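The structure is given below, and queries will be raised subsequently.
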Amino acid sequence: MTAYLVAVGIVALIYMLLTIGLNLQYGYTGLINFGVVAFFAIGAYTAALLTLAGWSLAPAFVVAMVAAGLLAYPIGLLSLRLSDDYLAVVTLGFSEVVRLVIQQERWLTNGVQGLPGIPRIFQTLGIGEYAELATLAVLVLCNLAAIAVMLHLVRSPYGRLIQAIRDDEVAVEAIGKDPRRLKVQVFMLGSGLAGLAGAFYAHFITYLSPDQFLPLVTFYVWIAMIIGGTGRTSGAAVGSLILMVFLEGSRFARDWIPGVSEVQMASVRLALVGLALILFTIYRPQGMMGRRQ
Amino acid sequence: MTLVDFCNLLINGTIEGLLIALPALALTLVMGVARFPNAATGDYMTVSAYAGIGVQALGATSIVVAGLGAIAAGAAISVVFYLWVFRALRGRPPVASLVAAIGVAFFSRSMLTLFVGHDQQTFNMPLVRAWNFGGVRLLPTDLYVAAIALIAMALLFALLHLTPIGRQMRAIADNPDLARACGIRSGRVLLALWAVVGALCALGGMMFGIKAVVSPELGWELLIPAFAAMILGGIGSPLGAVAGGVLLGIASELSVPFVGPSYKIAVAFALLLLVLLLRPRGLFGKAIAAR
Amino acid sequence: MLLEISDVRGGYGGADILHGVALEVGEREIVTIAGTNGAGKSTLAKAVIGLLPKVSGRIAFDGRDLAGQQVEDRIAAGLAYVPQVANVFPSLTVLENLKVVPNVRDAAARIAAQLDAFPALKQRLRQRAATLSGGERQMLAFARALLTGPRLVVLDEPTAALAPALVRQVFDLVLQLPAQGVAVLMVEQRARQALAISDRGCILDQGRVVLAGPAAGLLADDRMAQLYLGGAH
């Protein structure tokens, strides 16, 4: 039971990293990233390929984070020339292309067969079961660090500027700051966090294949952010927790309701995600506990 | 590439492009009037194609009857989600409708897979042999679907330009407040618009289903190409959507000998990026894509 | 009175722009709303026609309270509106701009009559309205507004961005409206010229009516002329 809770905790914390990244991009700057899963995948594959090639974990994780952040750079630049909803479609398309590349370039990613045998985090320490607990602890620290960075950003003059971009870009330009550079930086930072989350994911699940990176994952993160309340620091934690309860709950529900296949359950999950996206945007755009404006 | 290969790719590309133009038209109509990219467009296609399959499964042998069933289903699902979701979100920023559209896409696809399953389906079509003109091959089926797509477009243009409700749609697209101030009641017009959008998606879904197979991912995989076609032609311009679709179809077919058939979506995406960067208003559009 | 406005407040959702405006327009009357920039003139016009998101107070047309009535209902009740800038549908042709108006009795005959009144439009029936000059657009907007046979037309700065020669022409058009049974509520920057053709006028300042009365009286009031009408001419 403890092992199970730890495992669930780890996945929840991975989603939380993703949610913090998205919250930074959308909640604070209004950048609509519908391609979160692309940066997640890039981080996961980068780290996995490096550790499989014999790198140790820490540098591989850093490279994964940087790689995801750097790949966000051209898209961030593009976002400056597009209005919000176009950025959404472009990032969605980007995430599908990334998945396609992972599927097709077998020489690198082993295609649909996937990458097995990715080393576990702290496997080499020889601490057995405690390795997962340690992973959990490291993830907690990473999340705290991400929140600290975010709070710092939000409260600094830089952060007020970021929020001002969301509310009024022209005004920011008028006070002589370049909102465009800030936007790109925030986009890269959020994507770097997604890359780091990917690295953790790869070394927790230990197996990667392209169908783990469907657009659905992006919208899991969106749901977590929307439920928690966009632009709220505590929102990411609450949202990812609720998301986890839902995802895990749906797994248990299948054990209780006889005659439901895993495929059908997947449909139900997709239906509920869709329904949540619809209902929250109509009835509670400010999130579950939010009160905004 | 020989000339014969080139001709074959050109023909295939044109036909694919005419079909892509159908969802691209649906996207551009919604973009012009309701002003958000309707990410549920692809899944409207999928649901309608399955409805067509369902009509055939009920015993209708005629593909025309199946097509009418698909159109009815497409119009119905589009109108229902307008009434339930998108009407409630009018006046809110486009991102609200966009996120909700993703929800609509997931919800409708999941309802489909829950009750119909994930199996691929095919339409019962008489098997026909391709005509061969010295190596240049032409499938009669392809010709039919292309002709139907063209007829549908002609009907749409007639609706938009020759009927009062079509004029009112264009007026609302131009300036919604002024349209109200002329006494145009947008409720009725928008209902008609969403029904037309659903019918276009249904035709697109049917035609792609006839050309290949019907699967739950059918429409979702066409969303990015349809979007690329719309941007290429210029947002809000129906004529542009058709031209953009054909250009995109030809471009992605011609890329096949170089990048292989699996990278078609990537080619569409690359084209989309290129247009957004170099000419955001597309070939025929007004300048609304760029800031 | 045809139009009675009392204690109207409201704005676009943020702070109120109108702070209790009262105004009346009688049958076949021309009433001008003048005032400085940002006084709330256009906002008041929008409140009358129903395009203002937030509005309270009483606006009655022909004795019936318009509260809760949508723009479309007000048009059907006999109001018409010509907005300031975007006053035609640019991608529709001139003819389509007229044909698009719904619920016009004897539409063909009425359109023909309007086109006779504006011969300049008649030669451009198949052109997109986007290709028209500012003056031609204003004529098209007038023609379109009059199609429904309104009893009151609300004009939002009809002469904005027009060449001086055309200004005269537009005011001449306005002056002919009462004879056709149409009353006019007109927001105007060119207050002197507008008041000169008006029966009555009112001057708005920061969302309040600071002066109202017969147009001639307003024009003669020296102090007001100094403050709001751009000095003596």
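Some observations on this one:
Chains here go by letter, A, B and C, matching the order in which they are written, and residues are numbered from 1 within each.
Methods note: a contact is a pair of C-beta atoms (placed from the backbone, for glycine too) under 8 Å apart; a residue touches a chain by one contact, two chains touch by 3 or more.
Nothing here was measured: the structure is a model prediction, and the numbers come from that model.
The chains touching subunit A as well as subunit B do not exist; no chain touches both.
With centres defined by CA atoms alone, the chain at the far end from subunit C is A. Here the chain at the heart of the shown protein, by mean C-alpha position, is B. Of all chain pairs, the one linked by the most C-beta contacts is A-B. Between subunit A and subunit B the centroid-to-centroid distance comes to 31 Å (mean Cα coordinates, whole Å). Remark: subunit A and subunit C have CA centroids separated by 54 Å (rounded to whole angstrom).
The geometric centre of subunit B is 42 Å away from that of subunit C, both derived from CA atoms. Every residue of subunit A that touches subunit B in the complex is listed here, in rising order: 32, 34, 78, 80-86, 88-90, 92-94, 96-97, 100-101, 103-104, 216, 219, 222, 226, 263-264, 266-271, 273-278, 281-282, 285. Contacts from subunit B toward subunit C in the complex involve residues 164, 167-168, 170-171, 173-175, 177-185. Across the interface of their complex, subunit A is touched by residues 36-37, 39, 84-85, 88-89, 92, 94-100, 102-111, 113-114, 117-118, 223-224, 227-228, 231, 260, 262-263, 265-266, 268-269, 272-273, 276-277, 280, 288-291 of subunit B. Only residues 49, 51, 70-72, 75-76, 81, 83, 86-92, 96, 99-103, 144, 148 of subunit C touch subunit B when the two sit together in their complex.
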